């Protein structure tokens, strides 16, 4: 099966994707994605120092060094933010660049040692998915399980600290400890992914799956699980890509896959998606268009006191100064909805259409009245607000309005507020 | 100290009398002594002495930057004091944490957080649950009852980003109710809420008071103070005055609190005038 | 001129110009709380750099400018669009966009495999070699390329900052006010971001990415600890940047570290920050801790 | 502004240059391999120094302050060229007294990958002999007073290298043809393969900065398993990770490939006091290791 990557690669990437997704979710909600960037850079001097002191290039030792310098970095960022006027972003920038530069200095120093380059410290900057080995994966598994276990164990505490840290503190949860633990989870996750995907791509792998998952669910637990899942799936897709297309390193392929997935989620997610919002707006705009024309029919009928005659397109267009084409399009939509029919070269509302038109005008005038009474607005200023509101009022709100206004008969301009079926009234009147 | 401990974890609503007994004792609910708080070097509270009586609705009033939020936060230990101390029923806050519920400003959290209304209310039970334990059926039904008391039981499963300002405030209050505390510290509970919610909130606060609990709320609308509150704390960096509304809420004190802010003064004069005339 | 002295002058002058150019725009980044945008841009322009090399037939070092600058502005635009969609925080938008573009760049490089485009060159930077990389236009050697590029970048940034001082100032402290005054803060913002991108690329090619990121943030942050006045802050930032170049140069010299110049300068900038953070009279660590003990009684 | 900067430059310049600076040798070479050529030609008449020590990867080497001073102060700088010295290439090209030894090699004999010449020319002794010619010419130009001696030394070394070329050919001929596959950490041995009839496969590309794609990795593993290749080779100047990963993957498929007991020298020589510190010694070592590992029946 040459199209499938080695099991050890898939296994390593699965751990990586799951851990990054889960921890990334918490980081995303705490807005700490760029902290991950800083941590990934700040790990470098630790890695170099660990090699320098021990002369060993065992993964655990290098990771220990990275953990120490990463923790030091977190601590420094906190210290800078708390004791100076600098904000988080500047503190991140300072620690990131200084630590990374220090790491580069050490790297230059190390290259003078015989076999200095053999440490493969450069791999930590770019990463090498293809070189994942069984012992690496076992380490990653160990760290990943600890991280995921901690998230499961302290889910409730982490959730509260992410949502409302001060409140958590008043409840007696150890906020500082929890925040430190969260930072440590991030450090550990960065560490196990550095070797595989490198400094920059680690940030992408931490952010993109979590950001994608956020669009699909409104529950934190579901988001964490989903982000972990997306992390695994994207890593595997990236690996498949690298496996089947020549000259494609896996790390960037994975991050690019995850980013595309994130973008897709942003656009297509059913409720939060951009497309869904756009469709909702479109539907609303159509509704507004139809309802406006219905109320135009009503007003024309009201002025002439005739409800059952057809109106020409020109008459209808004149009410709001629309183009005849626009009116014709809307008329066709009304016809499709069974609210209007074409007759005698003009257009006439059906019975159902008339009811609907009366309902809309009624809401409009109720709202106008409410505004002018409650907010002391001049009568001529209420129309525009009412124009927007008439399309969004729910029946419950209308009932409440009526009660509040004590079942009024006329609007601020003295026009009657329609109730029931205009045709019937007018037939009587006529 | 027996307050409240007896009712903790109890599924039944305590009766007013039980509650009253639980929330009263030989010591005042909140005692603030010589409290000074500073950000960097700038003091925001200076030498505040305050003893809060039991079972009152208390408004904390003062201009912007007067240290109102800081007072609340330093009572619950969120901001360390530079000098002075705070005692809750005669003991340090650390030991009495379970007796105090804090309601932060609405804007202090991200309302786009992926969680539901019921979840947020359940957070009120986390302190009682302690580490590792998850909220169970008992906590859920408690949270539901708290939502009912605020008239938003139907929103339980709603995502919090879909709430209006008034609904958000009700969720926060429901969360505080779930804590079942003796002291409620509320930071601007009426800010940006609709009239219906305002009525619902004040009704709830009165219920809480009638159950013997003490409510301390930061409040901005001077007009409603005489109607809503029994007690008032006037604050501007220092404590200007504290006591029953009838005694303390005077033009002279307001003048000292707000300095020369003309608009506020005319507003206050209006209120006081109306009160003298016996109008609401 | 003694060749040794010439070389040193060129290196120090290039470094100083880098420091000055980056500090001019970097001060505004720090004040706008966008310190990490420099890091994001310097990573995200990689695909633009690759594309520039692909498009230019003779592989002229200046050929990467237009595409790289366009990618830089694209990065900023993408970050803002994501953020404006209200579905991601600014932080998360940044952390999604730049790794994605960087990944795209790495993939492109892997497909093309130009050894010329060694990633290391880009990250490490070779400030020691600036005197040996001349600008050759129409067959004439015009002297060190980096001096030309960073010199003109410095002039451009200076023109931008001086010319749009008032707009930048208001747009940084109160974008809403700037908008109401008709100062077009969004335009100013993109202009600043374009300047950051161009400066980053110019410095990038000459002295490496790490120095860009360090110099955009660290000297400006150091200056911010010392003053409340904007012009003084910008001036101090330039000063600290140049000081870091000199300290770094000495650090990297043989008797001390015998190491890489650009990294040593970045570390020097960090060290200067550390010192100022400790001892700054008003916003320093020691001053703050001391003052916490004695409060001034309010009037 | 610029004036004050320039003033500062000069002011500080005095401070630094007043310190005693080590002048370095008259001939400075980048890699040990190039230095080896120069040393043999010089025969001790002119001091030769290499910047990169044993085990240093020239693709990634970062020149330090002292290196720059040595390069500047030398009378002649010799470097490999063809972009071997990745980060230093442009600087070296613009150094007036620097010569790329690879320039002495006929263009049509170079190997190209994706339009770029492969710089590892020393692995074909015949090509390296051409490089020797370039070194000889450059040194005669720079030190005309020693020209006669240099020409004689170069001629001697050329004879020695020609013998070495034959020796390598004979040694490699003892490996059965179907097992003549050399798998190494990075793609440094393509000239070697072309000259001596061995198929070579590198895990990484020509530069060690490349990242290996999973497809490339898999292809190598498939090949090792399919042809039951007994050994793969680590290099002194490249991390072991890739080679170890191949071994592990082959083991997982039931083929016990081993890592050669000794590492190959690819881009760097060893310390000067051991045989592998010279070019012929290094080549003999490599050939010996390859022959030992690949010839033996397992």
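Just so it is clear, A, B, C and D label the chains in written order, and each chain counts residues from 1 on its own.
The definition used in the following text is that a residue touches a chain if its C-beta (ideal position, glycine included) is under 8 Å from a C-beta of that chain, and two chains touch if they have at least 3 such contacts.
All values reported here derive from a predicted model rather than from experimental measurement.
Chemist: When the contacting C-beta pairs are counted for A-C and for A-D, which pair yields the higher total?
Modeler: Higher contact count goes to A-C.
Chemist: Compare the CA centroid of chain C with every other chain's and tell me the farthest one.
Modeler: Following the centroid criterion, the farthest chain would be B.
Chemist: Rounded to the nearest whole Å, what is the centre-to-centre distance of chain B and chain C, using the mean of the C-alpha atoms as each centre?
Modeler: The computed centroid separation for chain B versus chain C comes out at 48 Å.
Chemist: Taking the mean of the C-alpha atoms as each chain's centre, how many Å separate chain B from chain D?
Modeler: 76
Chemist: Can you give the whole-Å distance between the Cα centres of chain A and chain C?
Modeler: 30
Chemist: Cα centroid separation between chain A and chain D, in whole Å?
Modeler: A distance of 52 Å separates the two centres.
Chemist: Which positions in chain D touch two or more other chains at once?
Modeler: In chain D, 60, 62, 64, 209, 211, 213 touch at least two other chains.
Chemist: Using the touch rule from the top of the page, what residues of chain C touch 2 or more other chains?
Modeler: In chain C, the residues touching two or more other chains are 106, 110, 113, 119-120, 124, 259-260, 288.
Chemist: Of all the residues in chain B, which ones touch at least 2 other chains?
Modeler: Residues of chain B touching two or more partner chains: there are none.
Chemist: Can you list the residues on chain C that touch chain A in the complex?
Modeler: Those in contact with chain A are residues 30, 33-36, 38-39, 43, 82, 85, 87-89, 91-92, 94-96, 98-100, 102-104, 106-107, 110-111, 113, 119-120, 123-124, 210-211, 213-214, 216-218, 220-221, 224-225, 257, 259-260, 262-267, 269-271, 273, 277, 280, 283-285, 288-289.
Chemist: Could you pull out which chain A residues touch chain B in their complex?
Modeler: Contacts found on chain A: 29, 153-157, 159-160, 162-164, 166-173, 214, 217-220, 222-223.
Chemist: Using the touch definition from the top, list the residues of chain D that touch chain A in their complex.
Modeler: The contact residues of chain D facing chain A are 53-57, 60-62, 64, 208-209, 211-218, 221-222, 236-242, 244-245, 248-249, 252, 271.
Chemist: Could you list, by residue number, the parts of chain A that touch chain D in their complex?
Modeler: Spelled out, the residues of chain A in touch with chain D are 2, 5-9, 57, 107-108, 111-120, 122-123, 126-134, 239, 242-251.
Chemist: Considering only the defined contacts, which chain C positions touch chain D in the complex?
Modeler: Per the stated touch rule, the residues are 2-5, 7-9, 12-13, 16-17, 20, 106, 110, 112-116, 118-121, 124, 126, 128-129, 132-134, 151, 242, 246, 249-250, 252-255, 258-261.
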